[in-house]
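Chain naming follows the written order as A, B, C, D and E, and within any one chain the residues start at number 1.
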Amino acid sequence: MLIAKVVGTTVSTIKDEKIIGQKLLIVRQTDENGEPFGKPYVAVDTVNAGVGDLVLTASGSSARQTTITKDRPVDAVIMAMIDSLEVDGKVTFRKG
Amino acid sequence: MLIAKVVGTTVSTIKDEKIIGQKLLIVRQTDENGEPFGKPYVAVDTVNAGVGDLVLTASGSSARQTTITKDRPVDAVIMAMIDSLEVDGKVTFRKG
Amino acid sequence: MLIAKVVGTTVSTIKDEKIIGQKLLIVRQTDENGEPFGKPYVAVDTVNAGVGDLVLTASGSSARQTTITKDRPVDAVIMAMIDSLEVDGKVTFRKG
Amino acid sequence: MLIAKVVGTTVSTIKDEKIIGQKLLIVRQTDENGEPFGKPYVAVDTVNAGVGDLVLTASGSSARQTTITKDRPVDAVIMAMIDSLEVDGKVTFRKG
Amino acid sequence: MLIAKVVGTTVSTIKDEKIIGQKLLIVRQTDENGEPFGKPYVAVDTVNAGVGDLVLTASGSSARQTTITKDRPVDAVIMAMIDSLEVDGKVTFRKG
């Protein structure tokens, strides 16, 4: 899984019928401090995440193992909200 | 999923029988403003996309979860047209 | 899928029994003009491609969706020969 | 598989029901000497690993082939603790 | 598949029960001349390879398509030994 920050939202009217009703959020991978880097990607939300939240995303076929995403053409899913991260004994992130 | 821009088309006469009739478009990943970067890749169109459209692509086995791509040897699919993107509360892309 | 150029061949005597008889070609990803970049990878040929041909390759589990590659331990397949590529309304490659 | 070092832990209250009870550790890929490089990723622990341990992680659908991770939305798993590594005839890492 | 050179070995006592007895080798991707580059990864050997051999590795779910690796939590497999490579009509590697 990647640590990622939710940074935005997408709107799509024309889409595969299997993703109708799926909430597609724009996220960016972060480091262990929750600092985003690199280019955005899009993941299906399954935990009611919002912009600003730090989350975990799973990719590939693993993204289809939730009840919400099963058998759907999606390759990334937000499957957990992060409360806190600890690295080498120090808290590097705590949800505000 | 990746945000991508459709930039071109491919023509193939000799190909695996399972991809006969599939529309293979050249796309490039974009940032949250719809600006392409990096090298092109090729995805099967399932939403009647055309050159210039901003789309979402799903990769890997997830690319085979649409009715059009099921069981076919394709590893990327265009499964949504993007109407608009919003990042950190600002609209960064809106379809013209 | 990636646009790739066939650049060479491999010979293997000792190999998994499931890939006996498979033609393994060395390819390199190209840009939209058919210019190779980056390091070589190896893909199973299913379209009778030869050195110099521009092709499409599919990766991952999608590489096992052809009749030739089904259930075999291969993660890349050549599933189409490219006749021509067109980007932003201009032909960027045409088979010689 | 990647050689990786366990560097930290994650805490998540809100998450997909299928990952309740899974221990999600922060790891970083290392070189053959066990020196970490690059950004962290998160993997499910199946071998009772702790911070500081050198481990092997498997990714993608392979991450779901353990009893603990079967059918769960996780794309990386710690499936072995590393006792020692030997490269070109020299021991490059030995567990302290 | 990637062209890779076997550079070392791993020893693990504590591991998932499904990989007991699997031979896990350290490999590095090479170019078409057999010159390694980049960081090491670990693959299951199915062809009795040893340090110094040039091999092909398959990744992802394809790594589980051999008799030895079926249903196991491994994401890379050595499925062929390379005798020779030829690029643009010249032999770039021949087993010594």
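The definition used in the following text is that contacts are C-beta pairs under 8 Å (C-beta built on N, C-alpha and C of every residue); 3 or more make two chains touch, one makes a residue touch a chain.
These numbers were taken from a predicted model, which means no experiment stands behind them.
Peer 1: Does the subunit B and subunit C pair touch with the same residues on each side or with different residues, judged by whether over half of the numbers are shared?
Peer 2: Under half of the interface numbering overlaps between copies: different.
Peer 1: Measuring from the mean C-alpha position of subunit A to the mean C-alpha position of subunit C, what distance in angstrom results?
Peer 2: From the centre of subunit A to the centre of subunit C is 33 Å.
Peer 1: Any idea how many Å lie between the Cα centroids of subunit A and subunit D?
Peer 2: 20
Peer 1: Would you mind listing the residues of subunit B that make contact with two or more other chains?
Peer 2: Touching at least two other chains: 60-61, 63-64.
Peer 1: Draw the chains as points, connect those that touch, then say whether the picture is a line, ring, star, complete or other.
Peer 2: ring
Peer 1: A student should be able to answer this: under the defined touch rule, what is the ring order from subunit A, with subunit D coming next?
Peer 2: So, from subunit A then subunit D onward, the ring reads A, D, E, C, B.
Peer 1: Can you tell me which positions in subunit C touch subunit E when the two form their complex?
Peer 2: 7-16, 18-19, 24, 26, 39-43, 51, 60-61, 63-64, 71-76
Peer 1: If you look only at subunit B, which of its residues touch subunit A in the complex?
Peer 2: 1-3, 29, 31-32, 37, 46-48, 56, 58-66, 69, 77, 79-89, 92
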